[in-house]
Every structure is written in structure tokens, then in C-alpha cells.
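Same chain, two partners: chain A is paired with chain B first, then with chain C.
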Partner chain A sequence: MFAYTVRRVIATIPVMAVVALFVFSLLYIAPGDPAAIIAGDQATPEDVERIRESLGLDRPFLLRFTEWLFRVLQGDLGVSIFTNLPVSHMIQQRLEPTFSLMALTLVIALSFAIPMGVLAAWKQGTWIDRLVMVFAVMGFSVPVFVVGYVLAYTFALQLDWFPVQGYSPLANGFGGWLSNLMLPAIALGSAFIALIARITRATMLEVLSQDYVRTARAKGVGQRSVLFVHALKNAAVPIITIIGIGFAALIGGAVVTESVFAIPGVGRLVVDAILRRDYPVIQGVVLMFSFTYVIVNLIVDLLYTVFDPRIRY
Partner chain B sequence: MPPLLEVQNLQTHFGTLDGVVRAVEGVSFHIDAGETVAVVGESGCGKSVTAMSIMRLIQTPPGKIAGKILFQGRDLLELTEPEMQAIRGKDISMVFQEPMTSLNPVLTVGRQIGETVMLHEGLSAKDAEQRAIEMLTLVGIPAPARRVREYPHQLSGGMRQRVMIAMALACSPQLLVADEPTTALDVTIQAQILELMRDLKTRVGAAIMLITHDLGVVAEMAQRVVVMYAGRKVEEGSVEDIFLHPLHPYTRGLMGAMPKLGSSLTTTGRTKLTEIEGQVPSLRKPIIGCAFAGRCPEVTDVCRRMAPAIEEKAPAHWVACHYAARAMAAA
Partner chain C sequence: MSTTTLPTDGFTPAPELADVLPPRKERSRLGMFIHRHPTIAVGGFMVIMFILMAIFAPLLGTVDPTALAPAKRTRAPSEIYWFGTDMLGRDVYSRVIYGSRISLIIGFAVAFLSAVIGLFIGLISGFIRSVDAVVMRIMDGIMSIPSILLAIAMMALTRASVENVIIAITIADVPRVSRLVRGVVLTLREQPYVEAAIASGTRMPTIILKHILPNTFAPVLVLATFLCASAMIAEATLSFIGAGTPPIVPSWGNIMAEGRALWQVKPYIVFFPALFLSITVLSVNLLGDGMRDALDPRMAKRI
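And then the complex of A and B:
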């Protein structure tokens, strides 16, 4: 297990290297000249050239990539073209809202989706099953921003249960933090819930027809234990896989959700940065998100061995 | 003394899109305490469904169980699901045909054996593991203290069936339902498992309902035999009665289809195994007349029109055939 973990961690290095190369190339791939944008409308060609030089944009690609990579490895993501603040500092300030949103979304999604999927599989073909499936299709089909605005209109504006928008840091109290994040997390989580519930149902249906489920029943094991111990543990691997894959969608969704609910997170930061062509910030955020995704997949891989003893690498 | 298990007129039907499948149609038999009764018949004759009905492991709907299943005087079909759960694994337990798939692949062997005693005897997890080790020792698995922490995929097929038996016997049940316990195993392992079951039966004192299509196993293990065909009981009697004086043409057919040692290789010229011609009737339509009429070599018009009642033709030897008396005279 330990050797496997070490090997898996090492295996993430080339992945991250490719990601880094891609992120760095963004500057070349994306249309528009950052030097021209910074210089503004009134600038002379000489001004633009001067800015280009000061940014180092005129030097060879590989040289700049290597330099950039070394700085990134030391935690230096460069300086924002727009605010002149260190990018790592800017991201750090925005990290808490984003990770809070994702963590709460994950908790809500899992605690609803898995019981829903299990219930639907157990009650296959009944109205409960159909209700869960209708919800799953809807949750998956309606975009995050629509769900977000509907929730905000109903529960914040009409019923006044939650704040309409904004964020309250965890340091200022758990209650405020939770009530501010509740609607965004539900909005962001609805598609995720739908995805996980579907996979849970499908996998559980297959598992419940297995011989060992019959064996468990023949031993006098109760329905709940049959479902959540004997069956669910066997269904865990596909469910965890889909959670890992869905996490990528969660990152993308977080960017939208933060805009809808005016949460000052990394998502907002990157949206603003894209509008301003603030390449160092864009690179920093994309790199950070990619790193998070790689870590999530690493955790998923490690969890496989926890749930299924037959998996050995 | 009333029998341990008494099945009266059991009917298990399944509602399907193409109509009702009458998997078991009016089967009655009993099992006394400590006795081994074999239920034989070819695939699809309703042996397994009978066992699953006794355990109440048939999903209802689409299944529908009627009749009476008296276990220690209580009708199992009248019990609530929690009451039934208290009986499963404790008073009646079951060993299945497929040791490769009948154990949960993600739980340790110890956990799966221990779960039964935790559920029914309220043992702590630690004591349950201790019991699991004892049970593994009892079923002859070497290094039980190590094996108890292992997963099913680390064990061979024979080992797994031993684990299944350990699991089934952990609470010293009154009745063990064994559904083709040796069918999926190598012949050498089969003998070991049968030996083990016989040995444990005397120690634990459990009655066994042995479901099999292997007549060799029947001869080895059982005192009495119930022969089933198309969801019906066609003959019942002691092992001697069934093997030496089978009265139903179907039972005779089964005997003829069994290879006998010394009948072919050692004698001059190989005698051909007889087969039972034809197909089992569809269980989707009600069967008029004798269920075996379509394949019976001695069929007459009476058989096609009227279903024979099951009657005690000799002491404790029951048969459902219009011509049982003729067969008796011949035997």
C-alpha cells in the first residue's frame, strides 16, 4: 500500500509537467497581444515594444518556460499585469471561498445522491425510483446559473431564508458561512447529485442481483445492512470514479456559481483576469485548478484499494 | 413428535410478462430433526425455488408463495420480515451452489462468518472473530487465525465452500438447506465437502435438506429422497426404496441415466446410458393430466387426461403415478 502510494504520487509529476507546459503555452495559443492591451488604445508602437520587452515576451519560448517553471516550483507564480500584486498572493486570498463552496457542495451531493441512488435501486420500478430518476434528469439538464437564479429568487428574495449573495468567512462564524454558501452549494451540486445518484442506482441494481447479496439475506442480515454494507461497498468503485470525474465539472461550475452569487473566490478572479487578458493570473489559477484535479484523482486511485481488496497495483 | 419442517401444498408462482410461471405446484414433504432429505430432479424442476421459498428469499412480487411451511410448528409464511430475519442464519441456514460468487468479495472471511453470530447471538466484534476462527478450524481450513483476515478471492473454490459451510453452521442451526453444495467443485473436493457435511451434521445435529441432481451424492448422504418433476413431487421414499424399487417412470428414468460402476467398462460391451426423451413441459400453462405424460414411455390416455394423486403405495413410499401398482408387482 505504501509503495503503491509513493508510486502514484511520483506518477503525478509527468502529468503536472504536461499541464504546466500547456498552461504556459496559453499565452501563445490565445489570440490578442497582452502587451498591446496593457499599453492601451493611445500607445505608440514603441510603447508596446517597451512593455513587451519588460514582460520578457520577446525572449525564446523554451528559455522563458524553464525560467517560469523554476519560479513556479518555488511558489512564485509571477506578478499580475493589471494589479502588480503577486499572483500567488491574489489566489491565496480567494482560496477560502472557493474551497468552502466545493467542500460544502461535495458534502451535500454525497449525503443526498448516494442514499437517493440506493433507495431508487432498492425500490426499482416504483414511484420512488421514478421520482429519483426524474430529479436526476432535471438536475443534469438545467444549467447551474438557472438553478442558481431560481434558488436565489425563491429562497433568498421571496422567503428570505438565506442571503441573496456574498460570502462570509469561516472565521466570522460557522452560521454565517453556512447560510451564505447554502444556495450556491445546492445550485452547484444539483448536477453532481444527479450524476452520482444515477451511477449509484445503476451500480446498485447490478450488485443487488449478485449471489452474495442473497447469501447475506440468507444469513438474516436486515435490509439496511444488506443495502449499505454488503451491496454499497461493492458498488463503491464506480461511484468513487464518477465523483472524481465529476469534480472537473465542479471546478467549471464553481466559476459560474461564484459569478451568480457574487462570491469573491478564485472563479471570480479568473473570470476577471480573462476579461483583462491578465495572463499570469490566468496561468496561476488554471495551474492551481489542474493541481487540485490531479490530487483528487490521486485520492480516488488510493480509495479504490480501500474499498476493493481485489485491486492491487 | 411433529417433524422439524413440514411443507404442505407449497405453491410458488411468478408473475411475468408472458403469464404466470408455476415453478412449484403443490409440493408437500417433511424433514425430521437430524435427518437428511435429498430433493432431486433435473434443472428447472423447482428444487431451488422450493428451498428459496422455505427461506422466504423469493422476492414478492413478482413471486407468490402459498401453502404452509411449518417450522417447529410455526408457519414461516405467516411471519413478519423481521421475525423471518431472526430465523434465517440462526435456525435455518443455507449453503449455495456457487462458492465463487456467493461470498462477498469486499468483506473479510472472518467478517462474513462473524456477522451471523453478531446478529443472532449478540457477540462483540472481537468474540465474533474468535468464533469465526473456531468455525474455520471446524471446517478444516489450515491457519485459520490468518485466513480469517483474508478475502474470498484469496481462497480456492473448495476453501470458499468450506467458508460457506462455516458461515451456515456458526449458529448451530436446526436445519441446513444445501442447494447443490458440491456441483461447482472438482470431484475430489466434492468428496471432501460431503465428508465434511456428514461429519458436521453429527456434531451439530442439524437436519439437512440436500438439493442435488447428483444421485451419487444422494446415495452418500440422504436417508430419504423427494423426487421432483415440473414443480411437483412425483415420488418420495427411503433411499433404498428410490434406488432399488423406484415406482415412478421418471425416477426409473433418472436411475437409468446414472452411470454405474461395473456396468460398462468391466462387462463385455458398453451398455448405453438411457436418456429420458423429450422436454420438460412449459410451466407457463396449467398442466392437464400427468406432468410427465409427454415423456413417459408407459403413457396411456388416462395419464393425458387425469393427473395422478400422490399416494402411499408402500409404507413411507409415496408416488404419483396411475400405474404404480403395476410397477410394484414388477419389482
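And then the complex of A and C:
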């Protein structure tokens, strides 16, 4: 197990290196002159030259990349063109709302999706099953920000159950934190619920047809115990795999959700940076989120052995 | 002895089959198809309706979707302005109808381009081991960047245009197709019929084109359909946060982006494009689901 963990950790290094190289090369791959585009339409030639220098576009690619990589490894993501503050600092200040949103979304998504998937598999072919599947297709098809607006309009504007927009830090009390994040988390979770419910149903159907489930039933194990203990335990690996893969969509969705609900998180930071063409900030956020995604999937890989002791490496 | 009159030795003869079985339903070929694949039929029909709507946009009672009328701004939906007007007095109905063109163009272009490029990369890395190691590391790397963020980074470096949105979304999607194709190729090349072709001296290009390529079409078609749907959402998302098509273009994402500031008081500006986008994406997803189940139920695991 230890050797496997070490091997898996080492295996993420080339992936992260490719991510860094790709994100860095975007400046060079982009058609046209990125310095001129970042500077904007009203920029003087001096402005463009200054930005070109600050991005290091005037120096050779490999030299620039090595320098940049070493600084990234030390946690230095460069300096914002707009505020002149270190990007890593700007991101750090906005981590709490984003991670709060993602954590609550995961909790909500899992507590809805898994029972839904199990129920659909148990009642396969009935209207309950069909209802879950219809919801699954809808969840994929309706964009996160549309769900967000519908929820905000109904439950915040019309019914006044939740605040319309904004964020209240956890330090100011759990109640305010939760009521502010509830609608954003449900909106962000809708696609995720669909994804997980679908996989749970498919895997459960497969597991329920296995011999040991029949044996469990034959020896008189109750329905609930069969579903949630015997079957769900064996369906865990595909479910956590899809959570890992779906995490990318969760990150992308968080960026949009934060814009809809005016949550001052990392996603909002990147959206503001687009309008200001503040590329170092965008680059920093993309790197941070991509590394998070790689690490989440590393954890998922390591969890396999916990959930399924039959997997040995 | 005749076959119609059975010997009556105390037994009642069995009734003729026609009396027992219900009469066979006569279905046309189209009827058969709809009966067998309802999801393809519903999804396909809705997609065709949206394509017709995009093509015949000028004939559907629309006015110029970019025409400004500041005096008539933010009108509520009425008989003249079916979906109301936006902040600059533009007719939201016309913008939504014309917006279907942008969504469909971007969806189809991304699906087509990523399918073609992904097929090419996947075929090569499935066959050439040395290329495979390098290419798949690069693909893993790109897939590790959440696709919306990758597109945001690319759009921040280029001028806003429909072409650049297509390129940005395609780059994020190519690895998904090439991974799928590579997987199919690796399974196929171990098949006896491919081994036989190699043993009988068939040249590599012929094997790839005649024996491998046709077998990758079905899964690629299904994946491309899903990519088409997700590209429509991606375009709307990018435009919504200001990193997509230029604001002058009446795309569904742009209409919603403009309605954003007013959504609490004039929710209809956001509502109508959102509704159209959701239904279009839903129809394309239904079509994809149906095709996947029809072509190969086992594929559900891979896509």
C-alpha cells in the first residue's frame, strides 16, 4: 500500500508538469499579439511594451518557462497587472467562499444523489426509476447559471426564504453561512446530482444481479440492509471515480455560480480578471484549480483500496 | 388426408392461430423506428426543429436582432414584443431566435472539429507506441485543466470572436475523443481479423482505414453528440461571464449576460434565452442517449 501510494504520487508529477507547460504556452500559442490584447484598445505602444516585458514575452521561451516554473514551485504565481498584488495572495484571500461552496455542494449532492440512484435501481422500470432518469438528463442539460437564476427568483425573491446574493464568512456564524450558500450549492449541485445518481443506478443494477446479493436475500437479510450494506458498498468504487472526474465540472460550475450569487470567491476573481484582461491572475487561478483537480483524483485513486479491499496493488 | 379437416375422435380441434394471437400491428418504417428508439425520435425531431428555426429565423416574425431602440427599452413581454425588449430596446424574441444560429454553429463546429482531430490523434497513438507515450501524457495534462477555465484562459489572450470560442472549446474536447478512439483501437488491434490482415501482408494504412476506422465511428458519433451539447453550454457560460462571443453577437449567453444586471426586476430577459438553451441542449442530449443505447448498450460505461 505504501509503495503504491508513493508510485501514484510520483505519477502525478508528469501530469502537473504538462499542465504547467500547457498553461504557460497559451501565451505563445494564442493567435495575434497577447501583449497588445491584454493592454486593450486604448493602450499606447509603451503600455504594450511594458506588458510584453512583464509577461516576459521578449525573452526566449525555455528560459522564461524554467524561471516561471521555479517561482511557481515556491508558491509565487506572479503579480496582477491591475492591482500589482501577488496573485497567490489574491487567491488565498478568496479561498474560503469557494471551498465552502464546493464542500456544501458535495454534501448536498451526495446526500441526494446516492439515495436517488439506489431507489431507482431498486424500483427499476417503475415510474420512480423513470422520474430519477428524467431528472438525470435534465440535470445535465440545464446550465448551472440557469438553475441558479430560477432558484434565486423563486426561493429568494418571491418566497424570501434565503438571501438573494452575497456571502457570510463561517467566522460570523454557521446560520448565515449556510443560508447564504444554500441556493448556490443546490444550483451547482444539480448537474452533479444527475451525474452521481446515474452512475449509482447503473452500478447498483449490476451489483444487485450478483450471486452474493441473492445469497444475502436467501439467508433473510432485510431489503434495506441488502441495498445499503451489501450492494452499495460494492458500488462505491465507480461512484467515487465519477466524483473525481466530475470535480472538473464542479470547479467550472463554481466560477459561474459565484457570478450569479455574487460570492467573493476565486471564481469571481477570475471573472473580474477577464474583464480587466489581467492574465497573471487568470493563469494563477487556472493552475491552482488544475492542481486541485489532479490532487482530488489522486485521493480518489488512493481511496479505492479503502472502499474495496479486494483491490491490491 | 387433408390438413384442414382434423379427425374428430372426441377432441375439439385447436383453434386456429389467428384467433389466439392479436392481429399484427401494421407499422410503417418510420413508425417502427419511433417505436424502437423513442429517445432518438424525440431528440432528433426537436433538434431538426431548432435547425429549421435557425435557418428560417428571418421568416419567423423577427426584426433585426441588433437594431437599437432606446426609447422602447426594457418593455415587458407583450403582443408586439413577445419576449419583451432589453436594456437597449432590442427585441428579445428576435435575438433569441437568431441566437439559435450561434449556439447551433458552435455546437456542431466543436463536435465536428474535435471528432476529426481526436480521431486522427487517437488512431496514431493507438498504433504507434512511441507516439502514444508522449501524446497521451499531453492529453492527460489538458484533461486535468477544467475545460471552462482552459477556455477562459484562451479567450483572455485572443480577440472575442465566434471562431476563437470554437477553437477554445475544441482544444478542451480533443483529448476526450482521442482517449476514446485510442481505447477502441487498442482493443481492435488484438482482434483475430486484424491479426489475419497483418499476417496476410496488408499494409498499415489499409488496415487503419479499412479495418479499424469504420469501427470507431459509432462511439465517436455518440461522444460528438454529447460534446455538441456541452459546447452549447460552454459557449453560453463563456459569453455569460464575458469571455465568449463579442457582445454585438446575439448569442443566448450574451442575451443572458445583458439581462444579468436587471434580472431581479426584468427576469424575462434572462428567462427566454435560458429556456431555449436548456431545451436545445436537452434535445441534443436525448439524441445522444438514444444513439448510445441503440448502437451499443455496453458503451454506457465508457462515455
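Observations on the model:
Definition applied: the second predicted complex is superposed on the first by the 290 of 313 C-alpha atoms of A that agree within 3 Å, B and C clash if a C-alpha of one lies under 4 Å from a C-alpha of the other, contacts with A are read in each partner's own complex, and residues count from 1 in each chain.
Please note the rule applied: a residue touches a chain if its C-beta (ideal position, glycine included) is under 8 Å from a C-beta of that chain, and two chains touch if they have at least 3 such contacts.
Note that the structure is a prediction, hence the values are computed from the model and not measured.
With the two structures aligned on chain A, chain B fits next to chain C without clashing. With both complexes placed on chain A, chain A has more residues touched by C than by the other of chain B and chain C.
Shared-chain residue A:Ala262: touches no atom of chain B or chain C.
Look at A:Pro309: by the touch rule set out above, it reaches chain B but stays clear of chain C. Shared-chain residue A:Ala103: touches no atom of chain B or chain C.
Looking at the shared chain after the overlay, A:Val6 reaches neither chain B nor chain C. Contacts of A:Gly222 after superposition on the shared chain: chain B is touched, whereas chain C is not. When the shared chain is aligned, no partner comes close enough to touch A:Leu63: not chain B, not chain C. After overlaying the two complexes on the shared chain, residue contacts for A:Val134 are found with neither chain B nor chain C.
The gap separating chain B from chain C at its narrowest, counted between C-alpha atoms of the superposed chains, is 9 angstrom.
The contact sets of chain A with chain B and with chain C never meet. Note for the complex: chain B touches chain A at residues 55, 57, 81-82, 85-90, 93-94, 96, 98, 101-107, 115-116, 119-120, 151, 153, 164, 167. Interface residues of chain C facing chain A in the complex, by the touch rule stated above, are 137-138, 140-142, 144-150, 152-159, 164, 229, 233, 236-237, 240-243, 256, 263-264, 267, 270-271, 274, 277-278, 281-282, 285-286, 289, 300-301. On chain A, the positions that touch chain C within their shared complex are 14-19, 21-23, 26-27, 30-32, 34, 37-38, 137-138, 140-146, 149-150, 153, 157, 164, 202, 248-249, 251-252, 255-256, 259, 270-271, 273-275, 277, 279, 282-283, 285-286, 289-290, 293-294, 297. Residue ranges on chain A touching chain B, taken from their complex, read 210-212, 214-223, 229-230, 233-234, 236, 307-310.
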